[in-house]
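Let me begin by presenting the structure, written as structure tokens, before commenting on it.
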Amino acid sequence: MLNSEKEQQGRGKKQSQLREVLKRLMKNKTAAVGMVIFLIIALASVLAPVLAPYDYAQMNLDETFQTPSREHLLGTDEYGRDYLSRILYGGRFSLGLGLCAQLFSLFFGVILGCFAGYYGGKTDNLIMRICDVWQSIPGILFTIILCAALGTGWINTVIAMGLGGIPGNCRMIRAQLLSLREREFIEAEHAINCPSGKIMFRHLLPNAISPLIVSSTMGIGNTINGAAGLAYLGLGVQPPTPEWGALISAARAQIRYYPYLILYPGLMLAITILSLNMFGDGLRDAMDPKLKN
Amino acid sequence: MKLTRRDFLKVSLGGAVSLSASMLLAGCGSGGSEKQTGHTKIKVGVSGDPKSLAPYALGNDARKMICFHIYQAAMHLLKAGDTPIPAICESYEMDMDGATVTVKLRDGIHDHDGNPFTASDLAYSYNTTKEVANSASYDYFTEVKAIDEKTAVIYYNPTDIVKRNNVESALAQGGVYMFTQAAWEASEDAMVATPVGTGPYRVSSFSVGAKVILEKVEDFWQAEAGYEVPRDYQANFDEIEISVITEVSQIAIALETGDIDASANVSEQDITLFQEGGEHADDFKVVKNEGFLGYFMTFNAHTELGGNINIRKAICHAVDLDGMINTLAKGEAVRMNAPYGTASSAGDYDPKWDEREYFPFSMDTAKEYLDKYLAESGKKAEDVVVKFAVQNNANCPKPAEILQAKLLELGIGVDMKVYDPATFNTILTEEDSYDFTMYCMGWNGVVNAWQLNDSSNYYYHFDKESAMYQELLSYTEPCMSRVTWTQEATEKLWQYVYDNAWVRGLYKNYDNIVVPKWVNEVVINFNRNCMYGSFVHD
Amino acid sequence: MINYIIKRLLTLIPVVIAVAIVIFTIMYFVPGDPAKNILGQDATEEQLQRERELLGLADPYFVQLGKFLYQLFIKLNPGTSWLSGFPVMTELRVRIPRTLLLSFLTMALGVAVGIPLGVTAAVNQNKLPDKLCMIGSMTFISIPDFWLALEAVILFGLRLHWLPTFGMSSWKCWILPVVCGSLPGIASNARQTRSAMLEVIRSDYVATAKAKGLAPGAIKYKHALPNALIPLITMMGGHLARCLGGSMILENIFSMPGMGMYLTTGITQRDYPVVRSVVVILAIVFGVVMVLVDIVYAFVDPRIKAIYENQTFNLAFWRKRKDA
Amino acid sequence: MKDNQFLSVEDLVVEYTSNDQVIHAVNRVSFRLDKGQTLGLVGETGAGKTTIAKSIIGILPDPPAKVRGGRILLEGEDLLQLDDRHMQKIRGKKISMVFQDPMTALNPNMKVGHQIQEVVELHENVSRKEAEEHAKRMLEMVGIPRDRFYEYPHQFSGGMKQRVIIAMALACKPDLLLADEPTTALDVTIQAQVLELIKNLKVEQQTSMILITHDLGVVAGLCDYVGVVYAGEIIEYGTLEDIFDHPTHPYTIGLFGALPSMGKRVKRLSPIHGLPPDPSKLPEGCSFSPRCPRATEACKKAPVEMRNLGGTHECRCILADKPGDR
């Protein structure tokens, strides 16, 4: 009975904490604006099939490079495909790429970090040295090599970008866990011989996760930006998929003649990253009140 | 006292330094090219990095272009497929059964450092190239021996000598450049950065991956000894400055800011700036030169869809060739009416093929063939998914996207994957990972594409033990050997490949060469490289 | 202090060896056959086989690995590029300085402009400079650097003729790439400095300094900034990685042949010696810089210096401290 | 009115605004301090004691805090009217402050000696050499060996750090020392030493001092006058004897009731019930009325003025007409 009572109390606490964070978040205007913009973009991408006036792959070779007009709100690209629908569908791939890569690196980073932070000693040292090696190949270089190794395409790019982020998250979680581990409520857990897995994921993690969530929200934008860089080098997502990074890189040849081709995906990318950063800032302040100015 | 190479370099370096200093003051970015009469210098922009200028190195167009200015081969070709004309060697005799070729050298030959060039140097060049390059592309000859000062014998690999065009052109096109033993031994870096050849130009400065400056060789042996110098060996400029510009859109900008005078790598989008009616039409002109790389599609017999004649025909007829040419090459491209060849590039190309219909684009015929397949296989259009492998170089994915859109219109699914060139080569060898491919390759003959050996790509598409393979061989075999080759055999091969739709040639882009107005005539060599040094100008 | 640096450099060696093994394994399992890539389409099967033997690709994984490590670390000979026959060392001796110079210049500009921007934004918080700085940094973080570079080339190179657009013939050629490369760096540095400064400005010792009668400027630069710099220095490692990655793309746009294109073409053409040696050398450079960052970290933060200096500390303790 | 009045604070009002809520931290506080005297400001935490001190020395953090009114006359000069450049000359020279938490009050990145030397160089136009010598002397004065001049704050214990802060504060012989709970963060033994140190230096340098604390024992040991602060107002003011022997305001009585004393046999301490009022919504009338056992209707209506109970003893309570006795 004692345990269940603690459960309620524990769950109650977490719920209120979540509501607390949301309340504080709403109060912070920039974060709210950021979240709203991001939701609009995410919604537009998800509803792409409904919103998009044309199918994104439907070509019309005698209507190439149309500047924005009534039928084609954002004009057409070099094959006469409607650019608005390509950008909307592109949103799916780009946001998907950003989200999945971050979730991928968050997932593995957290597991590695928890083991390193919680068990300490040899496992900690081993995992830390692996992270050292992993991080000593500079960021984008590691992604380039992985992209070449795994080959091009959306899924391979997600894996390549995701793998790059794991050591960073691992270190962050480990640092949090190290400081939390000594706290009394963890010793209390030991006292009632709560299984270590439960301690790690039910109690340690919720307290340690907040900085990671902040860094991941900002990471999404950088991942999409990185994908544009990869597409420029001819790796990552390849032309048929209308991912924003690939669109920007493909449009660079026409930068002088049809600037709108690089402008629109670039703007969408910029707005997404802007909104994510604003949301991330707000989230960090909401989650960590003492940081509030 | 002959200037040894070391102090010559010192002098030229000094010259280069003062030259670049003056250029620095003039602000290397500002002002158009010097407008004095009798241009003595041409600035060229290339998009590929020549990397190494050693005589044996393999490599891209930029390297080949520079090497053709510096080195000479045993013989010389004016146009691919012609009979070679004298260069280093006066003449050659072929002995088919003994599998040897004996060559007679001209006299008065010396390299840039003044070392005399004898038959032993020719033998040395061949043998060193074969040994140093350690690459199988020099397997066509085994060894070269010098008999006396002026004659040498090249021992061919017996199986190769039979191949039709491997003998004569190998003397010019075989990738072996002439250099003297003395120069080779004197060079520390195996001539990678300090090449010493016998050609009309020599390297005066070389900064890795950025800029190569070529300088006219005053005492060019061929002119000095009074021989007639072919038009692509004339040295009409004192200096050629070759800058490597890796970003394609920057080449047009470099032309407009005057950093470079000419380039053959301007992108299709930017070319309109320099053609008539373009912004810079009055300073530049564009010369069209048929490209080397052509786009085409091949089908994989191993898979169920690739092996089916109706599907192949449906896909071939779904190719909107005019749409591709107008969209991607602004209407400027050479259509291929035969697998792998065009009239000008392939010696064995039969002109009457151009009059024939070659898979005319019509969605209805494509639909017909598709329905035939659907009836045969009992499948519905939706659940037919074609696996399409595309090579990711020289803009291959662009025509592939147009084809993909057309096939989607047909109602069948297209699982299109773009592979970088290296991975693409391995994908070809995997039997079931693709139904058909699109890639671009350069061949100088319809037959040349099939004839080489059993490991070339197209044979991968066939199951070696299948009857189809034997049938294919029955058509390619007669064209293989130099002895048994006839035009009818090539015609039969064309017909067989067309009827079975094994290969569908698409088109070849033109290489647009942008040159300044003061260049009157653009000189292209047999290998389609621009010989900037020999451009005729006022 | 010195023996700490030596100890720290010694730990670098196993890391670099591990990096070499990792990159070797990745390239070993990468699809694509180098021999076919070199000989082209028309090579026969036994020609390919002979080429693989020549390149040493035929022998088993561990033999190849052993040879590679022996050549690289003992003979210090990274071999020659399979495609161009150019010894990798000569090429790198020319290319490494260009990439490193570009990366360090962009990093330096990023720091030199980013940090003061961050400080001014933090000091007059929620006033105009703060808002401007934040909006500016938000926009520059989100623009891909190659788009920025291309627009800059068109504007400054083509339209205004102020600056050369490519190559390295004069120092003026470096202006555009360095500025374009440093903008994302400036943006992120400004943001991080601002949040670090905000935290420091609210601390007690700044109140003490004010109580002592120091002028706001003196407080800002003598007391607040040194303490705000400490967390920034740990970010320098990540900042350098971004600059290194960014310079790879900028090198291509401005045709400044550095490690970037050399590596990417090496990868796409399966030129193993090039890829392996470039990655190992980059890892070494990156490792050494991280050690430098730690040493600078010690100079700036006396508490860390104390840990380094007293002999009794053991590596594990220090590791934990640094990783935390 | 340049009489010997050293410091006079008249009707000081300070408010904090944080996300559109206004907090009345200090409401019309007035008190006087003669040269060489020590005033103890006593009260619960959050009563506004520190705000008063910070507004005197002028280091209130500007965005949230704002001085709404009143005057702070130091030797006749109103500090609130001075611009910042002027105030910089006064801070550290005429007025200096000792902070509560020694652990974070010193710049962790600067050598201890230099932090003292800095204030000396700032206010005394002496050469760097002399300033260093002066700083070393100050260190010795507070009982720290002079060769620890070049060490960093993290190499000192809490007590030692507080000594450095005191050395820094008294380096330029200020006329007025503001001590904001100097010993709260220290354990008892160190507390006694630090208080002893402050006492000796105060006498030696004739500095007048405002001591802020919630510990009546400390006040007893050091102060000449005492002001009891509650909810941003001084509710009782007088000499040490007035307050300790004749506490009249119910809150002051409650304070002493909550104090365990060795002499009396008391079974249970009598805490003051309830909590201090919310500073953003102060009650009408006497701010202590909600918690005052003897509160009447009159107390709740109008704000209560300070009333003189004779001599130096004043109290802000309408019921109080003569000094009570304990």
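Residue numbering begins at 1 within each chain, and the chains themselves are lettered A, B, C and D in the order written.
Simple rule for what comes next: a contact is a pair of C-beta atoms (placed from the backbone, for glycine too) under 8 Å apart; a residue touches a chain by one contact, two chains touch by 3 or more.
All of these numbers come straight from a predicted model, not from anything done at the bench.
Ranking all chains by how far their C-alpha centres lie from the centre of chain C, first place goes to D.
A count of C-beta contacts for the chain pairs A-B and C-D puts C-D on top.
With centres taken as mean Cα positions, chain D sits 53 Å from chain C. Averaged C-alpha coordinates put the centre of chain A at 45 Å from the centre of chain B.
Averaging Cα coordinates per chain places chain B and chain D 89 Å apart. Residues of chain A found to touch two or more other chains are 148, 151, 234-235, 252, 255-256.
For chain B, the set of residues touching two or more other chains reads 249, 420, 423.
Shared contact sites, meaning residues of chain C that touch two or more other chains, fall at 31, 125, 150, 154, 202, 252, 268.
Inter-chain contacts, as defined above, occur between A-B, A-C, B-C, C-D.
Contact residues on chain C toward chain D in their complex (touch as defined above): 125-126, 202-205, 207-216, 222-223, 226-227, 230, 300-303, 306.
Partner chain A is touched in their complex by these residues of chain C: 14-16, 18-19, 22-23, 26-27, 29-31, 125, 138-139, 141-147, 150-151, 154, 195, 198-199, 202, 238, 240-242, 244-246, 248-249, 252, 263-264, 267-268, 275, 279, 282-283, 286-287, 290, 316, 319-320, 323-324.
Taken together, the chain B residues at the contact with chain C in this complex read 20, 23-24, 27-30, 49, 51-52, 54, 56-59, 63, 132-137, 139, 189-190, 192-193, 207-211, 243-247, 249-250, 253-254, 256-257, 259, 420-423, 425-427, 441, 452-457.
Residues of chain D touching chain C in their complex: 57, 59, 61, 63, 84-85, 87-93, 96-97, 99, 101, 104-110, 118-119, 122-123, 152, 154-155, 165, 168.
Against chain B, in their complex, chain A makes its touches with residues 57-59, 61, 64, 78-80, 148, 151-153, 234-235, 238-240, 252-257.
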